[in-house]
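Alright, structures below, take your time with them.
Next, two complexes with chain A in common: one pairs it with chain B, the other with chain C.
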Partner chain A sequence: MELLLWEVTLHWASVVLYVTAGVIFSIVTVFGKDRLYLWAVRISFAGLVPHSAAILIRWIASGHGPYMLRYEVLSSNAWVFIVMFLAFAAKVRKIRFAGMIVLPYAFLTMTYGLFSNPEIKRLPPSLQSIWLVLHVSFYKLAVGAILISVAAAIFYLVKERRGESGVLIRLPGLDALDHYSHRFATFGFTFWSIGIISGSIWAHQSWGRYWGWDPIETWSFITWLFYGFYLHMRFFFRWTDKKAAWLVIGCFLLSFTTAFVIPFVARSVHSSYFT
Partner chain B sequence: MRKKIKRILTSPKIVVSLIITTLAASFAGVLIPQSAFRSAQYFENWKADSPFTYALVDLFGLNRVFSSPLFLVLVLLLTLLLCYSVYLQGSVLVKKQKINVRKWGRFLFHVGLLVVLLASMYTLAFQKRGFVQIIESDTYVGDEKSLLAKEVGVFAKGFVPGFRIRLDRFEHSYWEDGSIKELKSLITVSENNSDETVTLAINKTISVKGVKLYQARSYGYTLSFLFKRKNEEKFYTHFNIVTPPKLEKPYDGVSDIPSTGYILRMKFYPDVTKQSFYLNRPALRLTIERGSETRSGMVYPGQTLALPQGEQLIWTAIRPWSGIRLVESRGTPVVFFGFALLIAGLIVLYLIPQNR
Partner chain C sequence: MEKQKGLVEVSAERAWKFLSSVKLAVALLIILAIVSIVGTVIEQNQPPEKYLMEYSRATVAVLDFFGFFDMYQTWWFVVLLFLLTANLTVCTLDRFPKTWSIIKAPLRPIEDEALKAVPFKKEITVQGGIDGAKKRSAEVLRSGKYRYLESSTAESTQFYTQKGVYSRLGVYITHVSVILIFVGALIGGVFGFKGFLRLDEGTQSQVVSVRNAPKWDAIMSAFGVRESRVKINPATGEKTLPLGFFLKCLDFEVDYYTDPRTSRLMGMAQEYYSILSVLDESGRPLIDQLRIEVNDPLTYRGITFYQSSYGVVPGVRGAILLHIRQKNRRSMVETILIEPGSDTYVPSIDRRIKVVGVALFGERDPSTGQVMYYRPRNNEFINPTVELEVYKGRKGKTPLYRTQVMKMDIMAPYMPEEYSIEYLDYWGVRYTGLQVTKDPGVWVVYVGFILLCIGPLIAFFGSHRKLWVRIQDKKGRALVTVAGSSNRNRLAFEREFNRIVDEISRQDERRE
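Up next, the complex of A and B:
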């Protein structure tokens, strides 16, 4: 019990650090205070320390990874999004503007999770499989990638509408924003595909059926098809402007609906992990 | 004509239109209630409430989108387009002297998708699935009529597994919150005079003569009764009661005693002293109905009940039963091969850094 109290405290400590980092990322992007950029990164890393410790404590206490209930799922999602963003931002410094969207998204979903039921739910036998780990991990990576992609798409739309005025001059050019949006959408598509496929193999191993048109499966398929639509429009019709940006936003909304809305509203074999 | 067909098959507008149509069909499949996920009563109510809407939905198969002929036609068109696209991409790659990694990735992805679609259609057409409930120490003889539920593809000729399965022991364990921790069936599979004893569990399957055996999630207790008529004629009857999903819920069951007109309503308690899934001090709250006559009371194993017409019902035994799923789906490994190609294609196409 005391251990779980520690876990909650550590979670909240990380939220405070992420909020601070999010604010600094915004200051860097809006006011061009480049010297603060390193501080934003450092504070994000500092937030990852208690966050990782909290996840680890819960992992040990529950005996399984963070796959069950909103509390664990949203916390681990936020962790993956922030790690992914920091990893990419370290390699491609120009995408640091995405911190203004990724960090707030991560700490808001995490906080929402922290207010939900914190009880530990044990893994049912069908979820005791390595395929679960792959299935869940790749979906988290996919949503993380599409989050960075959608950040680029949003800034593309803003910059395209307002031009090179004010703070927007500090953002990468339209071509670069479109390139990042597309690049991360392709990562998202790849990870989403692997997520579907690993889930399919797991379903076959567990239920003897690799596809059953379960509502969440179908929503996942719809998201995948929409990604496919976006990629084909780019490939065939050279949609690289604001139409492409809107399609990326569509991909994000669909992936968000699939992962976080449908489990609440549809009766599905997948619902137990989230509700 | 040939040129026209070629133009249609390579038209980007056709490709995109088919993707949009598949998207629209899938949206219909999640937004309109589907027969696979709702009870027949739900559709009866819908039909009664708004007959015109229901008739329209039913006419176009929108209440069974993914098994409707229109969806099949859509999948066939997609497959046709993919075949041609793969052929064209392949011929370009063969002719090219210089290796274009991105084109190879795109080719592999589309080949993978094509393999998945073709193998899935084959699987769907020839698959055989069955479900049996086997009582501990009883044997399923491997025939078709003993399958409690069956589902076979359009081109599959029935489902006769052809081997016997004896349930030697069934084990069920739970977490402290009462949720299932593990289900295990120790079974002996007999074929051609050879016996093999294996353990079946969730996520632990075995394969016999191309049929995969799965531990199902439904299990429970079989209550056996001896029914004695006034003329001393007697017979045994068994009722399989399904374990409830939660410990707080009772084991409920309703059934009739064959050719007697009696209806039994049962609430079974594996342990009458506490809420438990394990047999300790079993008891049964039994309500017996025939016409307007009703009798009810608590019954214990071995106890005899006198029925209204002078018959007797003796509770003789309680044994666990386990649900076992049998699946013959020969196309599945090919589907998985398609998955591998698809992922390989995506990795080559999008994850390997390339010079711009």
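Up next, the complex of A and C:
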């Protein structure tokens, strides 16, 4: 019990730091206060410290990685999204604007997870597989990339509507936003494919079938088809501007539905990770 | 005179044109996505009563007519998948030759006309003459890991190079992977089957009950080539298929989680497994006592048995297996078997042991040593506990002592004599549920999977980049023109291009 208290406290400490970082990222992006950017990054890193500790404590106590129940899933998702964003932003300075979307998304979903049941759940036999680890990891990476992609798409639409007026002036140009949105969508698509495949191989090892039209499985496939649609519309029909941005947002909503809405509404072999 | 095209030729051409269209591809992607959504909104393969509770009678009739209750197997859904595959195949065949010729085309020095249209271009003047500029450009290209070619005319010298030509194959690898997955699934559907086998502990079977009978078998029997191997039980409608060998379940076991803090057993299975043997017709073992567990199946002659479920066989008494161990010679162990409620005489100790009762979940109180019994959910054998009475000799009337032995015990059970009795198994009362499949197409699917991981990586993260560096003499100084193009990820290439231009001019400054 004491351990759980530690874990929750550390989680909340990281949420506070992420909220602060998120606010600073927004100030940087909206008002172009470049000097503050480094502080936003530092505070994000500071948030990762207690967050990592909390995840580690839980990992050791439960004997398995953070992939059971909303509490674990949303916390580890947030961790992956923030690490991915910081890593990419370190390499490609221009995508720092995505912090204004990624950080709030991460801490909001994480907080939602913190309010749910934090009881430790053991892994049933079918979930004890290396493929589970790959399956889960690649989906987390995919959503991390999709978040940056959708952030670029949102800012594309905002900038397109507002033009070069006062605020948001420091955003990259429309071409660059469009480029990043596409680029990270391709990352997302690739990881998403690998996520589907590793799940398939795992299902085959467990039940002798690699595809079973389980609702979440099907929704994952639907999301994949829509990304395929987006990539083809972009390449062959030159949907690069507003239409592409809307499609990227649509694809994100589909991926969100797949992971977090369908477990509530449909009976699925995947339900155990979220409900 | 031009030859009139025949009807066949015209329709073949039309079909090819239709199937090679990208519009068809995007339309199919959207249609497949939308009908798949419908398939998740309407719960699949439910009993008819359930649908009637949710929808009106007329709606059920319409949905049923179009097969929406088992949508992913309907002919029209399969046709959609077929169309997508045909579309992908034709698109690939249609476009690949052109891409291949681009890949194979030798890179040439750029001409003035082409230089105008090239997307990235920069001119710089460099001091130190032609030779210096040549040397510097070559150095920069080498340090950027470019393998360049050189060509000279009277007025200029060119270095030209390209990288990532084969990234153009990425999109084909991706598309071929999808085709392979579909073809593999098709092979599995035609030549494979899915079935289920329930084996009680100690029993064997040479047939498996099938849900999806192999289509190939149905086709062959329909054409009268050979008799169908599928037998239908007229009473139950159950379809069975012979395995060609016997599968025997020797034992089935479940291990349960213990709480790490209290070391008490929890009712949740950690692992369950079956010990199986494959036997030929004469009972000779072909595979002897192989343990299968969840995620670790057994494959024999292309048929795979997956551990999938378990349960208690109704109306069976089973047997208790016990170990008798001498206290002074721990290696002396004897195994005895007693049916619940009856007794067995053990000559080596001159005692009669009676099994008075069996409980599925017994647990000892750590302080008093008292055994408590719980009723587990779903008849789980969480910690089988056996009540024993021990009598003297064959005919003893009153028990010498009573004791309990259990699977997992936190202390030594009461054993007053020179031997101890240990619990081994409560055998013959459970069955193991095995998922049985034969899928000869799975390897094609797996090759598709591998390609689907590789294809997008190559397609999205590689790019075909070309670079030309032209050096001309301009009144004793060297005029260097750098030109380049990339088929993908222009922004990254722009950075690379600017870096190269910078380096060629910067090295110049450092020298002087």
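Please note the rule applied: the second predicted complex is superposed on the first by the 275 of 275 C-alpha atoms of A that agree within 3 Å, B and C clash if a C-alpha of one lies under 4 Å from a C-alpha of the other, contacts with A are read in each partner's own complex, and residues count from 1 in each chain.
What we mean here is this: a contact is a pair of C-beta atoms (placed from the backbone, for glycine too) under 8 Å apart; a residue touches a chain by one contact, two chains touch by 3 or more.
Every value quoted in this text rests on a predicted model; they were computed, and no experiment measured them.
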Inquiry  = Once both complexes are superposed via chain A, do chain B and chain C end up clashing or fitting?
reply    = clash
Request  = Kindly classify A:176 by the partners it touches after superposition: chain B alone (first), chain C alone (second), both, or neither?
outcome  = second
Inquiry  = On the A-aligned overlay, A:211 touches which partner chain: chain B = first, chain C = second, or both, or neither?
reply    = both
Request  = Of the listed stretches 401-409, 455-463 or 473-481, mark the one in chain C with C-alpha atoms clashing against chain B.
outcome  = 455-463
Inquiry  = Please report the chain A residues shared by its interface with chain B and its interface with chain C.
reply    = 122, 124-126, 128-129, 186-187, 189-190, 193-194, 197, 200-201, 204-211, 213, 215, 218-219, 221-222, 225-226, 228-229, 232-233, 236-237, 266-267
Request  = Note which residues of chain C are touching chain A in the complex, please.
outcome  = 22, 25-26, 29-30, 32-33, 36-37, 39-40, 43-44, 72, 185, 194, 257, 260, 266, 268-272, 293-297, 304, 306, 308, 435-437, 439, 442, 445-446, 449, 452-453, 456-457, 460, 489-491
Chain B residues within the chain A interface of the complex = 12, 15-16, 19-20, 22-23, 26-27, 29-30, 34, 36-37, 66, 120, 129, 175-177, 179-183, 201-203, 205, 212, 214, 217, 325, 327, 329, 332, 335-336, 339, 342-343, 346-347, 349-351
Remark   = Touching chain C in the complex, chain A uses residues 63, 122, 124-126, 128-129, 176, 179, 183, 186-187, 189-190, 193-194, 197, 200-202, 204-211, 213, 215, 218-219, 221-222, 225-226, 228-229, 232-233, 236-237, 262, 266-267
Query = Which bits of chain A are touching chain B when the two form their complex?
reply = 121-122, 124-126, 128-129, 186-187, 189-190, 193-194, 197, 200-201, 204-211, 213, 215, 218-219, 221-222, 225-226, 228-229, 232-233, 236-237, 266-267
